[in-house]
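Here you go, one structure.
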Amino acid sequence: MKPVVVRNIERADSNAIGTFAALGTSTVHEALGRSGLMKPYMRPIWSGAQIAGPAVTVLAQPGDNWMLHVAIEQCQAGDVVVVGCTADNTDGMFGELLATSMRARGVKGLVIDAGCRDVMALKDMGFPVWSRAISSKGTVKSTLGAVNVPVVCAGVNVEPGDAVVADDDGVVVVPKKLAVETAQKAQKRHDDEDGKRRRLAAGELGLDMYNMREALQKAGLRYVDRPEDV
Amino acid sequence: MKPVVVRNIERADSNAIGTFAALGTSTVHEALGRSGLMKPYMRPIWSGAQIAGPAVTVLAQPGDNWMLHVAIEQCQAGDVVVVGCTADNTDGMFGELLATSMRARGVKGLVIDAGCRDVMALKDMGFPVWSRAISSKGTVKSTLGAVNVPVVCAGVNVEPGDAVVADDDGVVVVPKKLAVETAQKAQKRHDDEDGKRRRLAAGELGLDMYNMREALQKAGLRYVDRPEDV
Amino acid sequence: MKPVVVRNIERADSNAIGTFAALGTSTVHEALGRSGLMKPYMRPIWSGAQIAGPAVTVLAQPGDNWMLHVAIEQCQAGDVVVVGCTADNTDGMFGELLATSMRARGVKGLVIDAGCRDVMALKDMGFPVWSRAISSKGTVKSTLGAVNVPVVCAGVNVEPGDAVVADDDGVVVVPKKLAVETAQKAQKRHDDEDGKRRRLAAGELGLDMYNMREALQKAGLRYVDRPEDV
Amino acid sequence: MKPVVVRNIERADSNAIGTFAALGTSTVHEALGRSGLMKPYMRPIWSGAQIAGPAVTVLAQPGDNWMLHVAIEQCQAGDVVVVGCTADNTDGMFGELLATSMRARGVKGLVIDAGCRDVMALKDMGFPVWSRAISSKGTVKSTLGAVNVPVVCAGVNVEPGDAVVADDDGVVVVPKKLAVETAQKAQKRHDDEDGKRRRLAAGELGLDMYNMREALQKAGLRYVDRPEDV
Amino acid sequence: MKPVVVRNIERADSNAIGTFAALGTSTVHEALGRSGLMKPYMRPIWSGAQIAGPAVTVLAQPGDNWMLHVAIEQCQAGDVVVVGCTADNTDGMFGELLATSMRARGVKGLVIDAGCRDVMALKDMGFPVWSRAISSKGTVKSTLGAVNVPVVCAGVNVEPGDAVVADDDGVVVVPKKLAVETAQKAQKRHDDEDGKRRRLAAGELGLDMYNMREALQKAGLRYVDRPEDV
Amino acid sequence: MKPVVVRNIERADSNAIGTFAALGTSTVHEALGRSGLMKPYMRPIWSGAQIAGPAVTVLAQPGDNWMLHVAIEQCQAGDVVVVGCTADNTDGMFGELLATSMRARGVKGLVIDAGCRDVMALKDMGFPVWSRAISSKGTVKSTLGAVNVPVVCAGVNVEPGDAVVADDDGVVVVPKKLAVETAQKAQKRHDDEDGKRRRLAAGELGLDMYNMREALQKAGLRYVDRPEDV
């Protein structure tokens, strides 16, 4: 690991990001071919936020939040800060003061594969954070990491500028080269679902709407009338 | 495992189920002799719901929600769908569209030993789900499972038609043959607690109300005045 | 382990406790030299409470809540009950009736390295609990433990009378001898943060406010303009 | 849960059990349609044992091994004792003395969804145990459970007399009604593998031996020459 | 936490420690009233060692092994080094070089609530380690901890000089004031077991040897002949 | 995710790989600046192997080992197969037959972020595997993944051809561009350790050998003679 800060990064298409923010993680994840999803241990510290933005990435040492201070200077309005860690760690690397500073830069939210603290204050501020833990554990500022290099965060490789989408279902990362194409697929998927929702609400079965009965029969599904016929 | 759907199942007594829904899991679990409780990793995706209903059971393959579509056709109003999985899995097998379809059939809620997604939408709909994880991870529809066969869900063996009780404390399963008897015991337990609550609120000690002092002394509990007397 | 109840304990300074309750865990944990924090698996059963009080300690056997009944008699108004367990356990050792009794004694809240149940009722009562799990699992009253002896709870050694601070960020324990000194440091830390918050909100960078640039350069941090320059 | 001991149980076919012991868990699990496998947290306390036998089942309370003493009287030579627990627990419920007693009855081994201790002695005795944990934690003998009732052990429902197969890969349970049929399928599967092993060892690819190429192409797999062609 | 090294500590009685080393953790843990046991995630990095010795305690920061170097100077022949950590951590804080240095001082082994590395070399040296993880993750030497202060290690409070007993079953800590008394009880327990082992090996049932039948009947255990009689 | 197989990949320098195989993970991980280490849940299925080789990467669906068959055709003698998975999974995707086929191609070993089975046979063959679990759970061959694309495996991003080093301490990945430089640093580190080992074995303290005393004093470490002086 080289201790370096990359000043200029290419950011994912802003229209695509707008679409992602409107549609949310589950739709985007499907549109991306069911990939790019962080592990489900990443949870929002308060519920109800749904955001998207290009990633400013941070590689941090466990228990050390020095690089978060460094990263803020590299942020633009609309960015989402994504923090990976060189070892599993739950310390509270992020809290109210850093959030205040990030908000002043226009940062939309934080995704951190470590802990977060001051959660009551962050909820009051309306600053959204997805983390693997909530913990008061304080951190030091003594070992370098890096900013805007590729990082693995909760099982996903994130390149600087990739589109990060986060809501109550989790966090999805869309490689910036695939952002526009994925946004189109996601929008189409979303539009198709409206009709399906109405038909299902009206009582139509998915078995019929999706024409599943024949495939089920071919696969060998058998219907019996009573438990003793199994 | 045989890929089969059982069409007709015997459901637990509906009056008993009404009692369970009114009293909640902790009281029912005690009335059942402190058994039938799913592991505590099963959590509601939103808090405040308290339901009971006969189980329509689903045995699903990890990452495959085909059988959930099949199961809906077998549901009646008031049922609770219980999903066991052939291997540990956190994928988001259930979401808004399936919930819309289940609601159209009158299903009261879902208990799934896997993941759930669209949690914001499900909360808005007021459709309650207990799951082991929240995850956007999409699923395929390619391998058969079974519907209305016995399944192990979060450590409990569930027979089709068993009474499922779920609230913020967790999920309890009452075998259908024991439903009526358990409902009576649960109601009695509940009624007894009102008096106890009033006495405790008035400052009476449990030590006295439950006559514990003698048993504690016999078991060898010793009182000392200061730490250095231990 | 000796089955004993210590009747008289020295309690941490009440003014210090008032300060802790006002400032919360993260500030107090820092003031204590970043120590005393319970493991982050200890979570509040409902969010928004922030309390502090001297510890009445309970050493309980897994699945047995007998000693909680014994402990209540030793509580004074303002105390926080802290329960350690002789083995990892998630059973629901604590619920509405015990909370009713504790509230009648003026107990401020409970910290338990095991499970809790009746969480809807406890939230309605406004009685705060920090626990490692939520579970309906009922408990017996058959094996002795101890009250007001040192206990390890979620990784922290707690002496009777130590100051316990708990909020949405977790639980911190301040040894009673260090309470006054820690309260002063915590207050100072809190006061210093107000100025910092304003400066950060105005857009000043932490890099400048904390004078980090030189230290970063000395440590070897390098800035490059483009990813290909890394 | 009723505190009961069932004296006479039907045991799975002994020839089938002989086949299972010879072939091991992975082959049997496949022959059973990829079901019946306990969760992978169940591990042998020493490696190299491979056993099969009809289950004598025990439902135990956490931290209480009273029912194991009761169960031994119900064992016949060749049996495997399977212990489920009413709550997650890692206490060392089983050790050298119980193993000595079981060995005197001809019991082949133990499968316990809790802890085991005296592992050095058990290894010296050559008595195999599969458990979720190794722990010195001692247990009491104070609360009843049951013997030879259905129990859930590590995610699998086990009926008394079912065939239990265990080796370094894990533990599989074959319902006694399916034992004979499953043994035949397992033997066939095993016999088929010999030829495959020889062909693969000779360098033939699975792609060709299993005729996978066409299916892969139909499914859309694309081959490219260089990374930049992806 | 104060960064301090205590030079002179009182060590547990050496005869008692000899007894503990001979009898192992499970017997000692029972003799201590079933307490003092570390959590079962603490495992030996190689099997077959059984040691006891007075504790030299280390409080370390996660990912920082500076204090281990400091601690070695405080060790005497026969000591066991016990390392607690201020936050959950699995980094490889200890390896071959530190073991070489400890062996030169006569240290018997290490118990660390963090990670260990160079496990092949340590096995070859015959230096025993109990740890929560095995990991190559390197550590820094930048933040102070303490030596010979009380530390919580894997759920147990350890005072400097306490007797530490470790084998394949886990790790037990005996407070130094209780060492002599506990050694006597442990020896007695061990001697009693010889006779029991012989009787059980000869086929006598624990039910009879321990006179359990009457207590079981009083507690309500019922024997039935067939499953349908339950 | 695109279902693609890349036929030609650049492999890390073979001399560097020879050095890595000789030195093992802990030395290589340090030489790489303490990075590149997979999470410690990746464990060898049998102990004593130490290998290195260029990565042939596989992206697999959970519970589906189709792509492993595809990958073998792309392997050369000396390669190490690295399998990442699109969701957390412990199914036994790899066993004796696949190992037989890989061995026929000269593959040195397998690193899989999922389960492995047939562990007794694999140990007998001497085929080394590092996995997150051991499980008999069988898998299907129905959904495409990819071969020789970048994959995240146990928290590390692995590019095809990167050098993979694995032993009893874990698994480290060296980016192929850094292989030669890292091998030189690792060799130097190894050579330096010989002298240190001898000095430590002779009784010299690390405190003196590394000149730590002054830095410790500057950092504020205080030595006291007795516990009461703390």
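Every chain is named by a letter (A, B, C, D, E and F) in the order it is written, and numbering of its residues begins at 1.
Just so it is clear, contacts are C-beta pairs under 8 Å (C-beta built on N, C-alpha and C of every residue); 3 or more make two chains touch, one makes a residue touch a chain.
These numbers were taken from a predicted model, which means no experiment stands behind them.
The fewest steps needed to get from subunit A to subunit D, moving only between touching chains, is 2. Interface repeat of A-C: among A-B, B-F or C-E, the matching pair is A-B, sharing over half of the residue-numbered contact pairs.
In terms of their C-alpha centroids, the spacing between subunit D and subunit F amounts to 30 Å. Centre-to-centre, using mean CA coordinates, subunit A is 28 Å away from subunit F. The set of subunit E residues touching two or more other chains comprises 2, 34, 37, 86-88, 90, 137, 143.
Under the contact rule stated at the top, the pairs of chains that touch are A-B, A-C, A-E, A-F, B-C, B-D, B-F, C-D, C-E, D-E, D-F, E-F. Those residues of subunit E that touch subunit D in the shared complex are 24-26, 29-30, 34, 37, 40, 43, 47-48, 50, 167-170, 172, 193, 196-197, 200-203, 205-207, 210, 212, 216, 219-227, 229-230. Note for the complex: subunit A touches subunit C at residues 2-9, 66, 69-70, 72-73, 90, 92, 95-98, 100-101, 103-105, 115, 117-120, 133-138, 141, 143-144, 148-149, 160. By the touch criterion stated above, subunit D contacts subunit B in their complex at residues 1-2, 32-35, 37, 39, 86-88, 150, 152, 155-157. Against subunit B, in their complex, subunit F makes its touches with residues 61-63, 86-91, 137, 140, 142-143.
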